[in-house]
Amino acid sequence: MEALLEKIIKDCAPYKTLGRPASYIPELANGDINDLGIYVTCSDGQSFMAGDALKPFTIQSIVKPILLLLCLMDNGPDLVRDKIGVEATGKPFDAINVTEGSLSSSHLNPMVNMGAILMCTMIKGRDSGERFSRLLELTRLLADNPSVELDQKVYLSEKQTGSKNRALAYLLKTYGMIDGDVEEILDCYFKACSIKVTCKDLANIAFTFANRGRHPLSDKRLFPAEYAHFVNAVLVTCGMYDGSGDFAVKVGVPAKSGVGGGIMAVSPTKMGIGIFSPGLDSKGNSIAGIKVLEQLSKEMYLSIF
Amino acid sequence: MEALLEKIIKDCAPYKTLGRPASYIPELANGDINDLGIYVTCSDGQSFMAGDALKPFTIQSIVKPILLLLCLMDNGPDLVRDKIGVEATGKPFDAINVTEGSLSSSHLNPMVNMGAILMCTMIKGRDSGERFSRLLELTRLLADNPSVELDQKVYLSEKQTGSKNRALAYLLKTYGMIDGDVEEILDCYFKACSIKVTCKDLANIAFTFANRGRHPLSDKRLFPAEYAHFVNAVLVTCGMYDGSGDFAVKVGVPAKSGVGGGIMAVSPTKMGIGIFSPGLDSKGNSIAGIKVLEQLSKEMYLSIF
Amino acid sequence: MEALLEKIIKDCAPYKTLGRPASYIPELANGDINDLGIYVTCSDGQSFMAGDALKPFTIQSIVKPILLLLCLMDNGPDLVRDKIGVEATGKPFDAINVTEGSLSSSHLNPMVNMGAILMCTMIKGRDSGERFSRLLELTRLLADNPSVELDQKVYLSEKQTGSKNRALAYLLKTYGMIDGDVEEILDCYFKACSIKVTCKDLANIAFTFANRGRHPLSDKRLFPAEYAHFVNAVLVTCGMYDGSGDFAVKVGVPAKSGVGGGIMAVSPTKMGIGIFSPGLDSKGNSIAGIKVLEQLSKEMYLSIF
Amino acid sequence: MEALLEKIIKDCAPYKTLGRPASYIPELANGDINDLGIYVTCSDGQSFMAGDALKPFTIQSIVKPILLLLCLMDNGPDLVRDKIGVEATGKPFDAINVTEGSLSSSHLNPMVNMGAILMCTMIKGRDSGERFSRLLELTRLLADNPSVELDQKVYLSEKQTGSKNRALAYLLKTYGMIDGDVEEILDCYFKACSIKVTCKDLANIAFTFANRGRHPLSDKRLFPAEYAHFVNAVLVTCGMYDGSGDFAVKVGVPAKSGVGGGIMAVSPTKMGIGIFSPGLDSKGNSIAGIKVLEQLSKEMYLSIF
């Protein structure tokens, strides 16, 4: 397995430089395009890695499945489906789907920014700070890594430049979908996106979804299996932005990418996978990362379809 | 003429209660649905009124043509057409026309909120405060009424509840169409909408557009005739929200309505008209106000078409 | 006046070759880009021309105001407004405004193809052939030219290649807005677009709208003044495709262009204007034609605003 | 297993009458709302049924995965992905996604009507008749039932009333995505939708997808495993119209529904499932059918996520 990973990383190296790091904040634009790493956590307790698997980067949109999980744990699936919706909207990750002068849950889903901002108000906590703390705690628990932390510089940069997310939040407020102070709500969202992780962290988190809610090593149940099914299903239909259909056909596993260059992929019952390569395609997905997953899926028959 | 106005006000009285005052802030919701007034300023120097013609209300969207005029005076027509566009967008006044992940001047026009917020950054002034002062001065000049003032309560209320305008402003910022602090920019916009006027003020302002830029009484030139043509043309194509086509067919004069219940109508070369009745239809136009204009247009052959 | 027209034609000649003839059928693609003509019919009975004012071309979309007039004469304004709508849709002339799985009159207007196809079913006649005959008769009457005829080659070519119009017609049928055989209905529409006219014909037709329904020479009433107001109003808001706002600001008269290169412009109470130059801009309007109108409007103060 | 199916059919019986049969043609409107059947073909060669499992109905949209398979067999996956696209469009099954005056593969996918009509031109055959014959042959082969036939009445009815499909086809032609005679192309599509099947047929067809291309009984390879992954992936993201996301969360298997009341569901490596109940919800999915699948998925842990 180790050899296979090394081979795939080598085979896919030429794709690293085809993409470009996200450029909307300097902290992401400075991402090293030569980084490429993979970490795999397997159901037999073993784990494997290759390349830059332990290099930290910000989680960005990959926090959305964790946010969704916490939202499910705090509210149950019915309320989540009711308030946020789960249909693919056919729109890029930060699109503003409002042309008819109204907004409803059918315009959202948990994997677009508007849905994620709404989820930030649905998780329990006295205030935005406590909400984020609980999200961070859950992330550490799933990653089996108590030292997972916020990247302060990225967080401040996101907070300073987040005009589109402010527009989205004020839209949600306009239509009565969120209450309270928009800046406070966004503070939780900006922090959530700025959590610093490695491929190993993502692989461990992914494994809890693959393992239907049980801890990778201790096998202790962290959340109900039903919530893993829920998250995995949403990831397949909208996890890879508007490249989700293509990814389902070519790779065939639940996955979520982030503009930090990470991809978290779930091979149900088998393994959790974390990948990192900051060169993105026009849809915001890591180019080399997708290539690595394509090859891994083919070699190990990972497609769930 | 006085008799005609009295008769029309009486004939249209039953329409007053068919509409409802704007309800998004208490100050507007408390509008007295029984108010109905008209003021007409004529080219021969005479003026006539009937009903509640001297009762104050907030100008709301009727400030947009004045804002457009100031924008033209400060920047010239080419820059305005280039940055804001002048095409009808086929969308309600505060619609968010962004479905394709980008925003351009072709999504805007000077009569939708997004265009008006953009205009607030294009008028000259060291800061938002000075920009508003200049707009207020121009309004007083056109209205020939130095005592035109801000309605402080409405302004504060707009400022407190303006989530949709905040969303619109952050969208403009996202796509690089405005710079600087959004709250400061919006402060100018919220103040602009909260200017307190009467039918008489609106009639005088309208007359300067009817008279192609010359003062109603002194006949002194206040602005170039070309800018009056510009504003009047924009009013015909998009002044009455998405009822503009219907209004052009039935009434046939450049006009602008506001959710405060006012309508300002321009009968080129002949007269300026100010109307007030707070009961609105679903498109945001004063129901009785439109009826009054329909009848006046028919009786006095005002249609420009 | 004759000298002015000659001068304008000469001044605007360089714009002729900036555009391109419509290319979707060979008959239009072969249009001679060097043609440029103007004909003006004045309220004092005089008429003037310059350039290729007597050269025939197909009327194309300029038939829409005539179709609308006949529709008004046959059904009255209320039914027309009800079934077709009169709001600018903010969409190009043949756009398909159906994204929500339904279609209503608010998606149409008399100047977009879908509205025009619907009007073809609303004019009186036992069958499509008789409907077209009545439209042709009206065109001859307004143009004061009994020899106005169909361009057989253009008609057959339109009929053969009209996939988009077929799509539009089947959409109308899907939503119950038209009944009967689509091909028969479209036959009337394709013929209507293929009527052969000259600048002189367009000027005379325009003059009946300028003259609020009375014949240019005999001054006999051909249709009620109210219908002229109706048509002129619709022309201002949507006559020049999605360049209507810009045209209103720059020229300021009701006008309709066609992809054959013609423009018909109405200067209320003053004159009817016909222009021809086949080089089109990206919106489908004659480039030199618009320039001619801009200059004429400026020199003769034609703007109605 | 037999007992489980009987129990589920009984439990879900109350849902039968909550929906209504499709009403756009009389043949479907006459569907008996009391019908409810299920057939399951398992990997061990066994099969089970309950309720109206052998009652015939028309396949309608469930033919789309078979059409997609034939398209893949005839053209390979790259061409299919290139010409039709595989992204969920966020639109109902027959929506017309054209608002920008152009059409591309990103507006389509194999599970919406426009994509299916396009596929009808991509399968091999000298003419429309031969194309349909090959599709029917493949259907018989997958269903392991040589007597699968066309429902002549439904076919003629579809052909007579198919205005929306005609609009879609003419749009495809307008944008150069299909060539040739629209009626001939649609003839193949209308026939495809009118193939008569039973739950047993659907279960057998589904099993070939579950079994990654091998025949249910003989285990002979009918098509490459890769095509089964392709079809199953597309089914998960867009098989249940705009209820696909909800279905993925609640049931979690690739499935396709048709307005005839059928659902075909694929449990990879385990079983093929055919269900029939003509009462539909507002999205066009069989209400009782979905309930049956929910319960079956829960009881037998079928979710792939």
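So that you can tell them apart, the chains are marked A, B, C and D in the order they are listed, and the count of residues begins at 1 in each.
One rule holds for everything that comes next: a residue touches a chain if its C-beta (ideal position, glycine included) is under 8 Å from a C-beta of that chain, and two chains touch if they have at least 3 such contacts.
As the structure is a prediction and not an experimental result, all values here were calculated from the model.
Taking the definition of touch as given, a chain qualifies here only if it contacts chain A and chain D alike; none does.
Where the sister copies chain A and chain B meet, the same residue numbers recur on both sides for over half of the interface positions. For the two copies, chain B and chain C, the CA superposition rotation is 180 degrees, given to the nearest 5.
Interface matching across A-B, B-C or A-D places the copy of C-D, with more than half of contact pairs shared by residue number, at A-B. Rounded to whole angstrom, the centroid-to-centroid distance between chain B and chain C, based on C-alpha atoms, equals 32 Å.
Mean C-alpha position of chain A lies 55 Å from that of chain C. Distance between chain centres (mean CA atoms), chain A to chain B: 47 Å. The residues of chain B that reach two or more other chains are 91, listed in rising order. Every pair of chains meeting the contact definition is listed here: A-B, A-D, B-C, C-D.
The touching residues of chain C, when paired with chain B in their complex, are 77, 81, 85-91, 109, 228-230, 232-234, 236-238, 242-246, 248-249, 252, 254, 268, 303-305. Across the complex, chain B meets chain A through its residues 91-92, 94-99, 101, 163-164, 166-168, 170-171, 173-174, 182.
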